[in-house]
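Heads up, the next two complexes both have chain A, just with different partners, chain B and then chain C.
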Partner chain A sequence: MSTQTMTEKPSEKAVTGRSSKVSLGRLWDTWGVTALLVLLLLCTPAIAPGFLEIENLQSVLRESAYVGIVAVGMTFAIASGAFDLSVGGQLALTSVVTLMAFNGGGTAAAVAAAITTGLLCGLVNAGLITRLRVPPFVATLGSLFVFRGIAYLLTQDGPQTLPYEHVDSPFAKIGSLNVAGLPVPFLIMVAVFAAGWVLMRRTAIGRRTLAYGSSPSAARFCGISDTRIRLFVFVLVGLTVGIAALTYITRVWTADGSAQDGFELKVIAAVVLGGTALKGGKGTLIGTFSAVFLVSVLNEVLVSQGVESAYQRIVLGCVLIVALTIDGLRTRFASPGSFRRALRPTS
Partner chain B sequence: MGSDPPLRGDQALLEVNDLTVEFPGIRALDSVRFDIRPAEVHALVGENGAGKSTLLKVLGGVHRPSSGEVRLAGDHYRPRRPADALAAGIAVIYQEFNLYPDLTVAENVFSGREPRNGISRGIRYAEINRRTSELFDGLGVRIDPTATVGDLTVSEQQLVEICKALSVDGRIIVMDEPTAALSADEVTQLLDVVRRLREEGRSVVYVSHRLDEVFALADRVTVLRDGRHIRTCGIADTDPDELVRHMVGRDVESVFHRDRVSGGEVVLELAGVGAGRRLRDISLTVRAGEVVGIGGIAGAGQPELSQLIFGALAIDSGTMSLNGEPFRPRDPGDAMARGIGFLHEDRKAAGNLPDLSIRHNLTISILDKVRDGLTRLIAPAKETDVYAGYHQRLNIRATGPDQLIGQLSGGNQQKVLLGRALAPGGKLLLLNEPTRGVDIGAKAEIHRLINVLTADGAAVLMVSSDLPELLGVSDRVYVMAGGEIVGHLTGDDRTEENVVACATTGRRIFSEELSKR
Partner chain C sequence: MTNTIKKVPLLVPLVLVMAILAVSTDTFLSTGNLENVLVAAAILAIPGIAMTFCLAMGEFDLSIGSTVSLAGVACCSALIAGQPLAFSLVVALGVGALIGLANGVVITKLGVTPFIATLATMVIVRGASLAYTDGHDQIVSSPGLKYLVAGRPLGVPMPIVLAVVLAALGWWTINRTRFGRWVCAIGSNREAARMSGLPVDRIRIAVYVLVGLSGGLWGLLISSQLQKGNGQLGLGFELDAITVVVLGGTALLGGRASIVGTVLGALMIETIRNGLNLLNTPPAYQRISVGLLLIAALALLALRRREKRGTKPNRVPARVQESAA
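Up next, the complex of A and B:
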């Protein structure tokens, strides 16, 4: 230790000591799940030898895209301190409307319909929350049923489908084409994540969303309007659903009211697993990105091992619980206190 | 513990020897000694970060010492959890109360130890209500045991905490900054209660930043600084100046130094402004270069007034003007766009953005000014420049721009929030309790900053419940009571007596009327 640091006031040294510890915690926040993903990928050749074949990997990337794209919107929602439980209903409705538009007017109509329907769903949620003052959890739980219900109504005479003769249309290609070996849905997802990162880290509205999630009352006195934040977040979720519907529907070619049952939980699980704090204020898109793949790779490995789908759900649930336990412990370590204290249940 | 041998008056009831508490990377307490005698009030003073809270938490069974010992009536005292401390007769009342806001006073006092009926196991409400009443009578205060705690004022909640300590017959009652959020009247009441506790033979450890209370109350005083014991002495053997020197480790220049500037242009003017039942017929002016203080007992409408000017509370009647133009902000964002800076009185609940770094806490109110010219995106380099500017100007002690605001001491958090209020660069600052819960060193720095700002022509409207600050820093003082302005004190009329008289007795004192006579 140099003489200069020796003459520093002890309190300043104390602060330094604490922060180096916390930045390690912050490192885990952002990269912890990514590390787990890499670990899992390193283990896969031993468990599932066929996993690393190109076609299998492409299938994993394509399958992950629609969960991943919506997870970007959901990361903003959770970082702002809210949930959007309606994304499953939004996806079903948007998918049905998109197919109807395609069968009526072709590719351009389908793309326009997907984006418009997603945005409208988001506007409905934002309106319920900001105009009628319904808490987001309740508002989106209600709209989940409403959106799904409408999707069922529209497909009373059987599911909407993408007829096989259009297999070579640009629309169908969204789901099947590879560019430089990478599936287009994956490339779209990467673009959405990149845009989301810029939005969250480099724009005023992104910063304000984090500030609002961190402390709504303090944010108010910083001139942040809660109406604007809610509107932004829920419309953004709707937009990501619209984009996701394009990659989803061109993969499965059919949709009705039951499409992607439980989708909202998959998306929320990925965001939470990625390290975005449930209480708001923190959002990590890098974590979300890795968590999306962690879940799909895990699923893929289980499928290749012939594990039943019921067990797959159980494994996903356990992974989520373990991740949150680690997170809870880490949060307690971040405040001063001993290891023993951290493990002791809070009273 | 009923069979303790009787203690001599000067023999310590509780003794702390060579106590060291270490957290990863920090030594919060370094070989500290401390003792408490029976029936004494022992004041514990020191700046934020001096180790007072850590010492309290060791006594309260929250933290465990790394080394050293604590003896209670001669026996080793090693509480493993807060309940152990309570069982040993040591009750610690933290700044954040441990109360259930939805339960009644009596339910809180006896929470977890309710006397129950033999068969039904139902709580005997009549008994806990009666016993709670008796405890309050003993303290000489009146609080309804069946009232809901969430409906009580902060000072009443404090008394509930004290009552809780008495209900377990606490021999040592430790109070952490008990008067931080109390009005002058409530402080007087609390001091009386503490004296009664001493008369009953109980010992009180009294932690406070307010030296006037310490000298009014304490028998002995201990100063901590940077986790070390600096001095313990009888209160008669020291004086405030000496304590301040020990606390900060250097001489502090005269506490309130003001370069009085003659008032400039009128920056803010309110005429007959009202808002519901909370504010009535408020008229006032604030000029450039002036600090205008707003005083009064808590709940008289002072924070509401500043929130109304900031656009956070709707105006029902009257008019406002800013720099001579009509002014009626829609929301705080609107007020900020007009260059008004605001500091909320509740740093934790409505100031800090706890998950954001210091840099981001500073720039949140001026995101438009830290954008890149070409891309219109936030430029981190510009944010760092903003941080660097305030870091130096406000003397913020932090490891760097990316440190989370919650990791700073209270005084440094306050400096960051002041920086945020200054950032809009405006000519009007609304400061609510600018030095609440801030140590003496930081307090002097904040006062110096206000001085510099007004010398540069800024207008400051300051709400303060700290009378010496209100009178020392302000050029003029308005006193509020019941949502109205009941006094306007300038020049030599700015005395504690006048402020208290206006705030509490219903008298109206307006300097301009006095001088006409």
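Up next, the complex of A and C:
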């Protein structure tokens, strides 16, 4: 069996010219979702004429910002082969603390509190994973409960709110201001994506994260420290949550322990839809960026068509399955010898 | 004795928590309260047993919470439509099995990762349940359905009977049958299992159907408790089911399974919830404690693993020292 594949491998490569096939696959990996997004945007004028109005577009951009910002951190986490399931809890806790800080000390205190709380949450996760050696999935599942619980405790006497008299404060403006027609949350998101891209593609730690994701043991043998990768990734997720909380809270003005229930799944879905492999080792921020908008544009179009939220869920779930099916089939057929394997009944 | 403790590490903390509660409250040990805890634990253990198979295979099913909702809705609306009870129960279980089958087929035949496939079905099924009920409660008053939770064959509450039977069945399946071996084999190395000729896809589909069925049963129990079905039922239940299994010591990456552990995990969680209720702590603490419990359990496991690895090279000298002393 093994000798057979050994002899067949080169001939197959020569016959099919695999190199071009791979590059097409690579192109799909990075730009596939973007292509789908463009396609969807081209169709929208026909389906939902009101969609392309400036106000509507601005609101879509603003709504997507906090999911997108956290998705940057999550892309790193998944590329390193780990999930962070606690982002929903982190967002709730950070939002509550940020509002408390704002009501106590104004804008500067709020921004500082958001970033610090986010970083601390990330540090807690990293500590659980590297010091106590809890697997990331369970560590962040546990800390999801803990962070949400603390947020609930802090808001026992009612949710924290941003009082209306502060509508003109610089803090509240984060969520409402437009610069050159573009909402500030969207600009922040673009900046975070740009920084993330540089971090992933142009720095050693970014490369190491990808290397660690594709094979932790190989990376270890090359002298890459698990501890540092885990620390980097989970603190980065915390940092992005801190930034996202600023755009989120200045948008909704109120937060308690139940804020953004199910947020983690939304973020993970966007990252995976974008083409980042769940197994780790492959991350694409361009894909994540487009996937975030693909989901929110689709949502917006469905809303404008008067589709009920229950049916919206069904459509989104189906989109997720179709996108991942394409990906699954592609990887199944793209690796050498897999064509026969895929056709052969496995039982 | 020490062997039992090693095999079921949850036993000691469970007894400890129960002792603390017995001392610090005067109501914990009353028969009524103990029965409440046991019934709640039984209801949680039922999906836990099926989920144990799934985790032993190294996979998750996130859609079980939505299955609870849709199965409950299916049963209640069948009853409202005047169908006989038996038919309604079968419909609910059938809905669960179908969702499981869909999960299994999407995962094995379309090659979608379990995490994402079940995440998508979770969203889809929840949507279906919300769409079907249009956001309304489907209220029933069926003594037959109520019997599932409140019935007492031979004086034992029905959920406990169900859980004991299913746990025995689950234990037997995973430890004594070919199917159980196969599930663990897939969990420890799927490629190796495939190479040695196991019908991997069929086994995986079977496990997802099993989880779906248990989700259906869970939905029936919840609907029986509340005498209604709606689209909001079972929100976040998937995490409960997974937590129970992980607490019980089933390896997260598959290959090992402990049904006894899962049952104890369910007992542990419900004991703590009950205790915190008795001590009048705000519900927020319940979340925190479940989270901390999960982390602590896994940290202890990891610590023990590390100790074992650390002592291996110098085990002989340590023994020599011991005997010398």
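As a convention for this text, the second predicted complex is superposed on the first by the 321 of 347 C-alpha atoms of A that agree within 3 Å, B and C clash if a C-alpha of one lies under 4 Å from a C-alpha of the other, contacts with A are read in each partner's own complex, and residues count from 1 in each chain.
The rule we apply is simple: contacts are C-beta pairs under 8 Å (C-beta built on N, C-alpha and C of every residue); 3 or more make two chains touch, one makes a residue touch a chain.
Nothing here was measured: the structure is a model prediction, and the numbers come from that model.
A.B. asks: After superposition on the shared chain, which partner residues are touched by A:225: those of chain B (first), chain C (second), both, or neither?
C.D. replies: first
A.B. asks: Which partner does A:272 reach: the first (chain B), the second (chain C), both, or neither?
C.D. replies: second
A.B. asks: Quick one: is A:39 in contact with chain B, with chain C, with both, or with neither? Answer first, second, both or neither.
C.D. replies: After superposition on chain A, A:39 lies in contact with neither partner.
A.B. asks: Under the stated touch criterion, which partner chain does A:203 make contact with: chain B (first), chain C (second), both, or neither?
C.D. replies: The first partner, chain B, only.
A.B. asks: On the A-aligned overlay, A:317 touches which partner chain: chain B = first, chain C = second, or both, or neither?
C.D. replies: In the superposition, A:317 touches chain C alone.
A.B. asks: Who does A:214 touch here: chain B (first), chain C (second), both, or neither?
C.D. replies: first
A.B. asks: Between chain B and chain C, whom does A:281 touch in the aligned arrangement: first, second, both, or neither?
C.D. replies: first
A.B. asks: Which parts of chain A are touched by chain B and by chain C alike?
C.D. replies: In the superposed arrangement, which is not itself an observed complex, chain A uses residues 347 for both chain B and chain C.
A.B. asks: In the complex formed with chain A, which residues of chain B make contact?
C.D. replies: So the residues of chain B in touch with chain A come to 23-28, 49, 63-64, 81-82, 226-227, 310, 312, 331-337, 342, 344, 349-356, 360, 364-365, 367-368, 371, 377-378, 397-400, 402-404, 407-409, 420.
A.B. asks: Provide the residue numbers of chain A that touch chain B in the complex, in ascending order.
C.D. replies: 9-12, 14-23, 198, 201-204, 207-208, 210-211, 213-215, 217-225, 277, 280-282, 336-338, 347
A.B. asks: Which part of chain A faces chain C closely enough to touch in the complex?
C.D. replies: 128, 132-135, 137-139, 141-146, 148-150, 152-153, 156, 257, 261, 265, 268-269, 272, 278-279, 308-314, 316-318, 320-321, 324-325, 327-329, 331-332, 346-347
A.B. asks: Give the list of chain C residues in touch with chain A in this complex.
C.D. replies: 62, 106, 108, 110-113, 115-117, 119-124, 126-131, 134-135, 194, 199-202, 231, 235-236, 239, 242-243, 246, 252-253, 282-288, 290-295, 298-299, 302-303, 305-306
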